[in-house]
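Across the two complexes that follow, chain A remains constant while its partner is chain B and subsequently chain C.
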Partner chain A sequence: MSGKVTNGAGEGTGGSAEGWDAAFFARWMRAAADAVDREADRLTELDSAIGDADHGGNMRRGFEAVRSELDEGVPATPGSVLMTAGRKLVSTVGGASGPLYGTLLRRTGKTLGDAEVVTGEELAGALSAGIDAVAQLGGAAAGDKTMLDALRPAADALADSGGKDLRAARTAAEKGAEETTGLQARKGRASYLGERSIGHQDPGAASAALLMAALAEAGGEAEGSA
Partner chain B sequence: MRMLINVPETVVPDALRGMAAAHPELTVDVDRRIVVRRDAPVAGKVALVSGGGSGHEPLHGGFVGPGMLDAACPGEVFTSPVPDQMVAAAAAVDSGEGVLFVVKNYTGDVLNFDMAAELAEDEGVRLAKVLVQDDVAVTDSTHTAGRRGTGATLFVEKIAGALAAEGAPLERVADTARRVAESSRSFGVALSACSTPSKGGPMFELPPGELELGVGIHGEPGRERRAMMTSGEIAQAAVDAVLEELPSDQPVLALVNGMGATPLLELYGFCGEVHRVLAERRVPVARTLVGNYVTSLDMAGASVTLCPADEELLRLWDAPVRTPGLRWGV
Partner chain C sequence: MADANDGARVGIVLVSHSKQVADAVASMAAALAGVPDAPVTGAGGLPDGGLGTSEEVITEAARRVDAGAGVALLADLGSAVLTVKTLLAEGDELPDPARLLDAPLVEGAIGAVVTAAGGGDLAAVAAAAEEAYTYRKV
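The block that comes next holds the complex of A and B.
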């Protein structure tokens, strides 16, 4: 299998002082699949308050498909891991989440280019580009009570640390997600509720926080194994 | 909550297998999740493709057949289908005359159909899109995802389908579809919340003796909660809300639509009240369709959709149609 390294088989070590390789990104995606699976019921519960009670199931279906794809073989570069995962999400999730999460990962991956190892700073910049693409596709801005309210603070925290502090990104995402509770939705199905959307956490922001938590988890493993 | 299902995860493919068994005139591809006219592509004819979350049956799969849609893409319950389905459907029905995507205005549907359109155009399919956004309950459309697509979808699919069947070119089919979509208005009322298979219970709590005015078709709460009203009072509220935004005083096509759990006996009573209010407002009704067509699983309630119709639209409305969900003139 030329052009591919197998995660966990010793070829990819994940994180290092120089940066992160494809194995690290595959671990991120697998950690995200674990987190979405574990928290699916909570996501659906959040979605039943202001949406249509399917976010957990849809995200689980999508990330399980990503996991299966990675089990077949991990692409050679960080960028191609994320682009593969993004394409899979578009093909399997449906709803708004499929195109939005798919675009996030595809654009982030595309921005990382062909490098076999990327630095934290490069990741922070690429993630920011991915988030810009999501904002453009969905037409949402900060404070609209969407996934952006978790993603944007996370990318900013990562950039502020020079791309080193994945835990800060996670903390910022979780704080951002929690703070959507007080916001009125202006995008997506929750927007039809107007003021009645206030008082409920946005399910998309909650799943975005899980994605950032998975990134920190993958980073933690990398540090542990380095 | 008792549901006539096996397990929640297979509700959509189970229903598609049943559809395949009942309708040999359709090709139901359970794996790729598309429902296609068996005789597609029809030579010389523009093809119509629609789709959306499941749970609104007979929309959209039940409207596939001569005189209406060429293919439908059912998503998971209340979840937009994915671009792969739409691209596969477009490829299956395109005769070379082009394909019209009929899209209800929800963020997920719009994003997935946009992605599909790009992919299908890359494969050489000539594409046009029409966006259905008829629900007047969404008032603040600049600070929301915009007016929802509901009952007018049936008008668009029937009328554009009839025009395509006459052999009209893509641009004309798309123009007429947009004219219907842009001039139709709807308003819906819920007397109970619906239950999705995955949740297994009601999507919101509606205490006895109360109703929701201005609901969509996904079990989301509406614009306003009120103490229970009579059929006549509900008709007054719904028709008033629709007429306030109806951009014409022509005779109308009227759809008196059940949400899934309201008996036809009640729906016809409601239809009588809708006609009474329209007569009081001096709006002539040219045609009326009563029944469960754009549903929201097991929600009780109804919606009213009005479309101003000139002679051409009425001729297309009356044209023959042969689908599982709508059938006349054949």
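The block that comes next holds the complex of A and C.
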């Protein structure tokens, strides 16, 4: 693990009472890389049911590239960490999840701006802006059986808690992902299956839940190691 | 129409999940246009030749065909479309101006290449490609 956490102190290298710095966001991205690596087989299995069976491998390749980039040096601000990660995903994933997750992180990062420390409320707002950009790019809405069905409830839960409760965001994302099982796909390759897409969890929603779980994990470390 | 560009032609980039599809459509469009050196190139697949969409392959192709009059991109579906849109919305990797054409890959490529080879500007190239949707086959 990189960096000590200094709760409440100005020169923190992680989370604090006032907010989160670049080290926290780097830890989020590394936790996401770990989770994607651990769950790659499950993502691919979900994708083989209603897609083209490459989601696990694609996400693993993308987030490993993000990890390597961060190993070479963590950008100075939360926004630049997310923009760097997003750019890396667009250039390495090779499937639709590359531009979608890339847009999510880049727009979220761009919305955070140049601040060295961001509050939970700012993160909730920026995440929501990032999700709007994903919805616009993919032309998808809630209930279309996509990553949005995990991301949107997570961002809402985070906003409802004033940006404080990362675990609530995680829980909401996992619930949203599970609930895609009953939905019929209306976007992406799975939509060609029509009603046959019902009964399978959406792989993009599953990976989005991993991303939100990684956020909670990064937050848990920040709280736990003070 | 191309006054400001000193006769430079619009470059066309064909983005497909498959390298073979992209390259074959590019050579077919150039042949049908009767312009062997038409400013069109394929940007298909991953850098290792596998199926997929690569930002790197697309941006390299765009730089290759950019002669200063702008670059028009056509894409097949899914991640090919999303990657181009992401590059246009977020990045500075593509030459300026660059534009994604709302057209089917094969039919749109023919119209775009004929128009670009004849000296049409980016708007004319886009209009020619997008006209492909008005041709009904049944």
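Of note:
Keep this in mind: the second predicted complex is superposed on the first by the 214 of 226 C-alpha atoms of A that agree within 3 Å, B and C clash if a C-alpha of one lies under 4 Å from a C-alpha of the other, contacts with A are read in each partner's own complex, and residues count from 1 in each chain.
Here, a residue touches a chain if its C-beta (ideal position, glycine included) is under 8 Å from a C-beta of that chain, and two chains touch if they have at least 3 such contacts.
Nothing here was measured: the structure is a model prediction, and the numbers come from that model.
Upon superposition of the two complexes on chain A, a steric clash is found between chain B and chain C.
Within the superposed three-chain model, A:K145 lies out of touch with both chain B and chain C [touch as defined at top]. Of the two partners chain B and chain C, more chain A residues are in touch with B. Looking at the shared chain after the overlay, A:S91 reaches both chain B and chain C.
Of the two partner chains placed by superposition, only chain B is touched by A:T44; chain C is not.
When the two structures are aligned on the shared chain, A:L137 is found in touch with chain B and with chain C. In the superposition on chain A, A:R30 makes contact with neither chain B nor chain C. Contacts of A:R106 after superposition on the shared chain: chain C is touched, whereas chain B is not. Contacts of A:R189 after superposition on the shared chain: both chain B and chain C are touched. Residues common to the contacts of chain A with chain B and with chain C across the two structures: 54, 90-91, 94-100, 137-138, 188-189. Interface residues of chain A facing chain B in the complex, by the touch rule stated above, are 44, 48, 50-54, 57-58, 61, 90-100, 137-138, 185-189, 191-194, 196. In the complex of the two chains, the chain C residues touching chain A come out as 46, 50, 52-56, 78-79, 82-83, 85-87, 89-91. Residue ranges of chain B in contact with chain A, taken from their complex: 53, 75-84, 106-108, 111-112, 114-115, 137-138, 140, 143-145, 148, 196, 198-199, 203-204, 216, 218-221, 223. Residues of chain A touching chain C in their complex: 54, 86-87, 90-91, 94-100, 102-103, 106-107, 110, 133, 137-138, 188-189.
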